[in-house]
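The two complexes that follow have chain A in common; it is paired with chain B in the first and with chain C in the second.
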Partner chain A sequence: MTAALTGDPAVAPAAPPPTALRRALPLLAAPVAFFVAFFAVPMVVVLSSSLMAGGAPSLANYARVLLDQYHWDVLAVTFRIAALTTLAVTLLGYPLAYYLVRVVSSNALRRSCVILLLLPLFTSNIVRSFGWMILLGRNGLVNDTLVGVGLLERPVRFLGTETGIVIGLVYILLPFIVLAVGNALATVDPTLEEASADLGSSPFTTFWTVTFPLCLPGLIAGVIMVFTLAASAYVTPALLSGGKITVFPMLIFQQYSTVFDVHYGGALSITLLVFTLVLVALAGRIGNGGGNRS
Partner chain B sequence: MTSLRAATCCAALMAGAAFSQPAAAQTSLTVAWYGGNWGEAFRTCVAEPFTKATGIKVVPEIGTSTVTLAKLQQQKGAPTIDVAWMDGGISELAQAAGVTGAIDPQAVPNLAKVSPEAVYKADGAVFAVGTGYYSLGLTYNTQKVKTPPTSWNDLWKPEFAGAVTIPSPANSSGVPFLLFLNKIWGNPANDLSKTFAKLKTLDTALYFDSSGAASNAYQSGEAIIGAHFSVGAWDLADKGLPIGFVVPKEGVWATDARLHLVKGTPRAAEAARFIDTALTPQAASCLAEKLYLGPSVQGVSVAPDIERKLPWGVGGSVKNLQLFNWADINRDRGAITDAWNRELARQ
Partner chain C sequence: MLPALLSIRDLGKRFGGFHALKGVSLEVEHGEFIALLGPSGCGKTTLLRCIAGFLTPDSGDIRIGGDSVTRLPPHRRPLNTVFQNYALFPHMSVLDNIAYGPRRHGVPRGEAAERAAQALHLVGLEALGARYPRELSGGQQQRVALARAVVNRPKLLLLDEPLSALDMKLRKRMQIELKHLQEKLGIAFVFVTHDQEEAMSMADRIVVMNRGLIEQVGSGTAVYATPATRFVAEFIGEANLLPGAADGDGGLRLAFGTAAVPHPCPHPGPWPDIDAGQSRTGVLRPEHLELLDRADEPGFLTERGIVEDVINTGGQTLVMVRVGDALLASRRLGMPGAGLGRGTQVVVGFRPEHLHVVVGEPAP
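Moving on, here comes the complex of A and B:
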């Protein structure tokens, strides 16, 4: 218990002695400079350009985005794809993480499974999405197999559908949730589960009342990560949609890369950012609620 | 403390690099061009002969036209790029952004040999010169499509349903291709509604964002007929894939890769010499050989097998290409992209 308490950042010494702070400042300088140069400054540039129209400060770009039903429709498609991806990734990733942490007993096997899981991350997103275009095509491996074994009469269309985009995103984002949940599971004290079993709970009850709530923060962190990455993904939806479905990042890309309207593009970017942050804040709230209940 | 020392060290290194730059500048010229087989061809056909003749090293700065334009805008006033290749369309935007300098016909004697269509002027001064044309023609799978198509309307044939591809507005050819179709169908220039209505009835496999995505679709058989760039289509055919490229009876929309002298470059004389090298008949025929670019230099002859692969098709010339006014296209780009999104890019 004491160890857990001192490990908690909330109860860590609140004010370090001034000398320690002075010593930490140069160390902080590099990350702060990096953050300011490559995150804060570009963000301010995007925000300020979104607030300009015709050379004068104006909210016209936001009116153009928010007062148009079309943008709400695209936003709905974007968040529906992100939510479905998150759900599928969770349903696949949670059992996988559980298996890797709790069932696999050999360290060597676990390590090779994690390497296998991470290996695709070393390949460019574009290459992997092109790979899915080939696999999911009309004459691709997936359709050929399904038709070959008699499950389908003729090829199903995956490219240019939301299903195709979700498949591609699930593949790319699966490692994130497995790592987040796996780390949380590995830190759950096994004596707590043993105590629950000693008190007569079935393994199922123990899982739902002890293990699951304890690794919920890890799961929520993974879910937030996956949801934000899926909602902001450009390459995978752009390639797998075949240009027939539009998600918000594609609208933003169009404005910056071919139309060169940085004001409207900026307003689109900030809109997506704000809506994503709101949804993430809601998810964080649910996560905290779960944490308190346990 | 260690990080501080490292930072000082870095700063010193950077300062050193800055001081050593003028010395290096005397013997090198920075030229922006595209990646892949384009960059390779520009290196072989222009940069290497230039270095051989002058002893000046060419440092490539690889990027697409839009990326190059963005770099030039950031470097305005103190450019590090001396010469830049950019496509038609982006070229006009670069001129409007004030990053292109005047190309002096005195300093570039070969400019006189270039066909007048490929010398681009604004306010009386030359701001760009074309180094070769490419077109967006009718491309098809020669195994799946038995009779070669002859018209853009063949894309609507029932046997091609679900296996057609055309560019999306995210591609540089997307908006001009739409205007091209509008023109060949005889629809009014300022009203695209009929063209959109007809495109809605086209059963496509995909709208391609990039030339690479189009090549991928033809290669995998996802698309068996549609539009593709002459450079990309012939590249597939040369790799042994069953791909054919034709110029249909309505013609093709085309554009070109252009050279620009960057405004304010301290190496203007060397840059002009480089542009002059790119406009020699040798360079033009070399680019025709490597990329099947239609020469903009007059009187260039190429081998018969190369000639049939040029952007204007068998027996054609630059007169057969539909070269639109990019200023009009750029003006309407936002509105047309928006209409496309609403009409075609949703289910």
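Moving on, here comes the complex of A and C:
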């Protein structure tokens, strides 16, 4: 055992006896089978069908996607909405998480707030997005209120605008960032903030030099989650677009559900996936720029 | 005359129904090493946190160099703290951790790094500046925490059980190092500990606390030899507690032997005024209870007893003797003599001047 740990090849232990191996295999098999069945296989199916055109292997589907300016435009809209959503969710969610973890001192109140935050997740996306359709309508509650208090002279159009979609997505994705940041904040030892104050930092400086860097990994995880969910969202944009705005997942849905072209639809899916991964990787890079972190 | 470095007056603090501090007053002079000693829950950490500013007292006043800091937030107080868990910033290198304080006080980056390197040298870790706290051992983290505090050149350093996480050997070594560092830098230390040996071996003065009150302030020798209260007598070192009562002639009748202890006692220290019938407790350290050859040994109060246990702890022998209802401890240097074992009939005795008397009865 110790030899294996120190990595000394001269006294490397023999392979485990076959009985142990036989006993261990079923234990390993279950999770591996799970990942293969639910993650690897679907991806391989989509990828392989996207690489087929007219019954033969071909890159024609990708050419069709990438050589059409329309797809680039839709991609830009999709990522712009995702980015704006992520920004808004972060600006709203971070203070909310901070409030819940650091300001609320009663456990009961904190628990109720978290339940309130999570409750909408138990209802359907469609119901919630439909609710926003009504709220954001020309004579909906939002317009009525804004006009009523005199902030607007006449109703503004939300439905069919990117703003409307962002509002709907922010509402749906807010819990994710609050939970990610909240968990990270809860693991920051308050003594570190006391130490910072003791060494002469104002609460503001303490936040930016100690608290924020220490929960940055949680924030990045939340941002990545929200961004990918926003970029791949279908229901909310579809309901709030009023037919005037198209995002990439809507194109994919059309191909699979209306046109039944799984090859072209597959290529669209893979394209969205690749671009999202590239952006996420870039974000991760920036996040890790701070250097050596635990 | 210069005001005391730290002056605490009538400090009170409640947590809900729990009275953590019930009017604590204390003065600390420049360069002094003070140990706050007491069992857990006695208020010593609450007191330290009030001084540092992490807690706001409900009543009373804290002054540093004559200026009240009671209402100042922690970052405006001219002192530094070494935390029990060290509280090193995990996302900063050792050097950045130490330079953090000077940077916050407007020292330019280069000079701050230089001062951090000096402080690191002071604690003997000059080679580890580029490491991260998680790459250090407990003892090394302890030193970094110390360097991070003293680099700010405070006049007052608060230490919250800084050695409690270290193993016994390292702990002993750090006690000596800390004491040397404190003398070298001339910084006043207020050191919280629940370890009386630690307090006795390091501190100039020990503040013994119990249930939110200060029971006694004095040198290690003073709190050991002349405990002010029964709690101090029991908490500091081992003690034989002999119940007694005033006999009305200024003497003290003990439940030990037949003689009254003369009053006033030749032993120095506080000797509470004795009114007839009032209960008192005689405190007798085990090294002052001797095994004697005869019951009429001159100068001794004696009593017959039966040995219950003989415990040899290396250089010392502890003999537990049952006298009536009480089990008394007698300690002496060297090995137990032959023929001394369980059931041996012996005569125990002490010189009255070694008896110290406190108010109240011993706890049952």
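The criterion applied here is as follows: the second predicted complex is superposed on the first by the 262 of 294 C-alpha atoms of A that agree within 3 Å, B and C clash if a C-alpha of one lies under 4 Å from a C-alpha of the other, contacts with A are read in each partner's own complex, and residues count from 1 in each chain.
Please note the rule applied: contacts are C-beta pairs under 8 Å (C-beta built on N, C-alpha and C of every residue); 3 or more make two chains touch, one makes a residue touch a chain.
Just so we're clear, the structure is a prediction, and the values are computed from it rather than from any experiment.
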Combined model on chain A where chain B meets chain C, clash or fit: fit
Touching partner for A:Tyr234 - first (chain B), second (chain C), both, neither: neither
First (chain B), second (chain C), both or neither touched by A:Glu194: second
Minimal inter-chain CA distance - chain C and chain B, angstrom: 37
Complex interface listing, chain B residues touching chain A: 1, 3-4, 7, 66, 93, 162-163, 168-172, 174-175, 204-209, 212-213, 216-217, 220-222, 333-334, 337, 341-342, 344-347
Interface residues, chain A side, partner chain C - complex: 189, 191-192, 194-203, 205-206, 209-210, 213-214, 290, 292-294
Chain B-facing residues of chain A, complex: 26-27, 29-30, 70, 73-74, 77, 130, 133-134, 137-140, 157, 159-160, 238-239, 242-246, 250-251, 253-254, 257-261, 264
Complex contacts: residues of chain C adjacent to chain A: 52-54, 73-75, 79-81, 83, 85, 87-91, 100-101, 104-105, 132, 134, 148, 152
